[in-house]
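In the two assemblies presented below, subunit A is common to both, partnered first by subunit B and then by subunit C.
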Partner chain A sequence: MRSRSIIGIAPLLAPVHVLILSVIVLPSLYVVWLSLNESSFGQAPTFVGLQNYIDVITDPAFRSALWNTVLLVVVAVHIELALGLGMALLFAGGLPFRRFLLVAVLAPYAVSEVIAVVMWRFLFDPDVGPVTLMLQSMGLPILDWSFEPSHAMILIALLTIWLHLPFTFIILYAARLAIPSDLYEAARIDGATAWQAFKRVTLPLLGPAIVVALLFRYIFAFRLFSEVWLLTQGGPARSTEVVAVYLYQEAFSYNAFGTAAATAWIMVLASLLLGAGYVFILRRQVSANANA
Partner chain B sequence: MRTRNLLAAIGKTVAVAAMLFWSLFPIAFIVMSSLKPGQDIFAVPPRYVFEPTFEHYVSLWQQWGAFFDGLLNSTIITAGATVIAIAGSTFAGYVYSRNSSRMLDASVLFLIVVRLIPPIVVTLPLFPIVNVLGLNDTHAIMMVLYATFFVSLGTVLMRTFIDQIPRELDEAAEIDGAGRLTVLRRVIVPLAAPGILAVAVFVVVFAWNEYLFAFIFTSTRAKTAPLVISEMIGSIDGVDWGILFAASTVQLAPVLLFVVFMNRYLVAGLTAGATKG
Partner chain C sequence: MAAIELVDLKKNYGSVPAVKGIDLSVSDGEMIVLVGPSGCGKSTLLRMIAGLESVTSGHLRIAGKDVGSVEPADRDIAMVFQNYALYPHMSVRQNLEYGLKNRGFPRQDIERRVAEAAAILEIEPYLERRPRQLSGGQRQRVAMGRAIVRNPAAFLFDEPLSNLDAKLRVQMRVEIRKLQKRLGTTSIYVTHDQLEAMTLADRLVVMNGGRIEQIGTPIEVYERPQTLFVAGFIGSPPMNLIDVGQADDVDWGELPPQTGVVGVRPDAVCTAPMTEGIGLSGVVELIEPIGGESHVHLLLNGGQALIASVPGKAGVAEGDRVNWHIDRADLHCFDKSTGRRTD
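Then we have the complex of A and B:
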């Protein structure tokens, strides 16, 4: 059985691993080599050690892109978490037409980044956007996102939250449903208020799911490209650039492959670091399940 | 007590209304605006009652032939990517579910780690390589790219779903003389269908909507619908919002309906994907 199995399973494993090796792993390793060289179109690469990394880290444009990315990730992902948690609890508390509401809340998941940009651009159009008009009629300030970088960032954050809230919500809702109802029964018999039950039962038991949702969203939000590119192209004057847009500009606008590659590896390392946290939690959960 | 219950009920109703408005208003607004007569799109205040017209769809058809080519390309690429991803994930998921060794466990961890690499990273080396191979702007390369970025998640998902199928079933089939492929086809695939559908939802939504790879790797022959729409946003002679809304509605409608009908599998896939790797 054993000797036969390797030969038997190799062809079944091959497609997945060939694809991943040739499209993701080997190119990523090649990016390491690229990042240690200076190169451009039609120019032989010369080895420069870590110079590209130093250039990138000391580039004010990169720093501003990194700052924008971190700001967006932290703000958008935590608002998503708060909203997602609120919605999960609302659903868990029992709602009429639950299935319909669930599908409605999932709908943004189906929307492409491009279409989302079309929607939100029009909703917040400074002249004719319905949301702009509504804000004006209430005497509130509007988002002048095509001129004001901070306003553009708010719009990008809104768009990101809108697109990804279904994911955060589903993770938290599934985790909430997995909490046995007798725990709430017990809390009620002990005279716990709703707030106490939330603090002592819901929150601790949702802990791992919250961390998983957060880490996942940190990792994916860190790659943010399309929303920013389609809304502002990083402008005006590179003020709304995020790391992925910076990378794209270095590679495809300035043909500076060395610094683009260094940026790419900075992105990979940041993601791996966040991912290490995720794998750690996953492992602990697996061993906890095994012991239970 | 009664007033408290009433307040709670009102609070809940407001919360549900806000949730619905937030999720559906932007979508409804696009679809509705695509049917508004030209001048009504910019009416102040926005008009919610109007005589629906298909004029923007007609203009879209007349002026943006590229969009319909884009839809066709998107359909071909999405179908191809989905088939590749499902086949690969099912084969590998089956192996991971039914076998275990130190090597295999390590390679599952490897699949999880691969998901952490941002797609934009690989565009850098792949762009010249794809050019040299003459695969630039082809359906094939887009299928491969889209499938590859989901086979790792797909494999882990399929393993989770196949784990729920009792091993006794494959063993019984093997005793009856069935080979691995027959077991896969007759036992695993039918029983793991929910998993296959979950993988399908992920890949279809991703491949149909994706922008970055399409932007970098396609230009004319394999240009996808989202890319054509992005060109409409950036067109020099100003945005024709009516046509843009019509195109957005056409691109969005099929994938939205798909997600609505497959919502069970999407939910199952999302939760299994996040908690099992």
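Then we have the complex of A and C:
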């Protein structure tokens, strides 16, 4: 009876399964297979075992790309979280012109990444960019990002924060608005200072939203590509390359599909590890906070 | 424990007045109930006393001290909210402790007070649970526990029972009253439910449109409502208010000057043969039996509707013509234009 009903409904479910199989499962398996072979254009793939993974991991260019990625992810995501949280609290605390400011804060999310990068390239152009000119006129140091790798990294971090802040902000703002105001009133009567109310009411109740925002941003940030590619192409001299750019170079500049596939899997595993570790730490903190 | 005094207290939201000048003195240990229709400014007034809303003008004294611009935490009051406002991520114990910890009470003192409050409210078995693991009635107890652990000068209640089902509401009402009497703490209780108000109050404050209509003991307010509004608001079923000018076939006798409306409590209507008093004749339109008594809806000869509350099963049938009456002393007389009592 049970198996017959499964046979009966199978044709109805099949399209979804076919879709998932064909766009996610099969390509992933193909990439696994590819990562175990040496492969390029006009050349039959030859099985090399884990050699591609070893090659990638021992490649100094990959290591520098991985380091750059981790650095950008950790710095950008946390600054973004702090800014987003601060802004969410500011908005929830009542701000003049709130509707207008809300639109202004959310605007970057409506801008395509490519256009955003072009805009920023123009604004920060080391010779004629309005921001550069402004910094110069105030006697401040400028961002010489086309020569100086550390300046380029700063600009990439700023750009990615600017682009993704609306995402973090909107999640935290919505979660903050969901906290009933009578809890704050009870806390006021209970003699809590603003800081104590933040620590003992706001933060624990925002905990789950913070975890969600961070997790998503970690995963997004780990595949950081267009900001870097369109701004510096990983230059000067591969110094600002991130993992996704390294992958792109392997695949499409050097046509080394095997190592590119291996890089892709390393990326997936690394971001999973990072995300899982983070969630673990935060969950522990949130529950510890609640019990303290 | 302390007296609370309000002098010409006002609150405007922007240019819209919500509370329009309240004078009230609550004596030490008294239970005052603010009652009135929704939107009449009860919560606003209570929140001003708590310090959660600023005072636009007037004076507010707790225990003789002007607290108009004192922080809520320093007013020595405790508040019980309609939605309980328990901290969801803290256990019941932590909820009770929080206000004491913030005030720097010593550890032992905190433990003793929490144990006492938990014993009084019978919430000891739930002390380690989170609020979401409790029923509505249990949460309400915890909210009250949070108020009593601090042993404050006054309790402020804002419709604390309106989220409970009818049966539990009656039960908690009794418990609140017993608790308040036992602790002897000055209390101000806000509700829109006149039955709750009548049963809880030492003194009742009937509010309407941001103003006080009448202050008095529940019996005073019931027996001698000072305004038409109070007459219609307090009592269930409500007082029958009859326009004298339109009910000219009833012989009202001699009414005080300016009387335009007379009020008749449903339970003042007598079904016994008339000896003296004011005769009310009409047709029975509907009978609502509610057990110990019945509510009989009459259509008087002059066309006015009147509800009579008679003991037992009424002894009449729908469609019957009846000649009932009321005692002159049970008549409430009001000026139609000012709404004030005239007798």
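Following the convention adopted for this analysis, the second predicted complex is superposed on the first by the 248 of 292 C-alpha atoms of A that agree within 3 Å, B and C clash if a C-alpha of one lies under 4 Å from a C-alpha of the other, contacts with A are read in each partner's own complex, and residues count from 1 in each chain.
The definition used in the following text is that a residue touches a chain if its C-beta (ideal position, glycine included) is under 8 Å from a C-beta of that chain, and two chains touch if they have at least 3 such contacts.
It should be emphasised that the depicted structure is a prediction, and the values quoted were computed from it without experimental measurement.
Asker: Taking subunit A as the common reference for superposition, should the pair subunit B and subunit C be classed as clashing or as fitting?
Answerer: On the shared subunit A, the partners fit.
Asker: Quick one: classify A:185 as touching subunit B (first), subunit C (second), both or neither.
Answerer: second
Asker: Put subunit A at the vertex: what angle do the Cα centres of subunit B and subunit C make there, to the nearest 10 degrees?
Answerer: Apex at subunit A; the opening toward subunit B and subunit C is 80 degrees.
Asker: In the superposed arrangement, which partner chain does A:196 touch: subunit B (first), subunit C (second), both, or neither?
Answerer: It touches subunit C, and subunit B stays clear.
Asker: Does subunit C touch more residues of subunit A than subunit B does, or is it the other way round?
Answerer: Comparing touch counts on subunit A for subunit B and subunit C gives B.
Asker: Which holds for A:79: it touches subunit B only (first), subunit C only (second), both, or neither?
Answerer: Neither: A:79 stays clear of subunit B and subunit C.
Asker: Report, in whole Å, the shortest distance between any C-alpha atom of subunit B and any C-alpha atom of subunit C after the two complexes are superposed.
Answerer: Minimum C-alpha separation, subunit B to subunit C: 10 Å.
Asker: Would you pull the subunit B residues touching subunit A in the complex into a rising list?
Answerer: Spelled out, the residues of subunit B in touch with subunit A are 12, 15-16, 19-20, 22-24, 26-27, 29-30, 33, 41-42, 44-46, 84, 87-89, 91-92, 94-95, 99, 107, 109, 111-127, 129, 144-145, 147-149, 151-152, 155, 180, 205, 208-212, 215-216, 226-227, 229-230, 233, 241, 244-245, 248, 251-252, 255-256, 258-260, 263, 266-267, 270-271, 274-275, 277.
Asker: So in the complex, the part of subunit C that touches subunit A is made up of which residues?
Answerer: So the residues of subunit C touching subunit A come out as 50-52, 71-73, 77-79, 81-83, 85-90, 98-99, 102-103, 146.
Asker: Would you pull the subunit A residues touching subunit C in the complex into a rising list?
Answerer: 180, 182-183, 185-192, 196, 200-201, 204-205, 289-290
Asker: Mind listing the subunit A positions that touch subunit B in their complex?
Answerer: Those residues of subunit A that touch subunit B are 5, 8-9, 12-13, 15-17, 19-20, 23-25, 27-28, 30-31, 34, 86-87, 90, 93, 95, 101-123, 128, 130, 133, 137, 162, 165, 167, 170-171, 174, 209, 212-213, 216, 219, 222-223, 225-226, 229-230, 244, 247-248, 251-252, 257, 260-261, 264-265, 267-268, 271-272, 274-275, 279, 282, 285.
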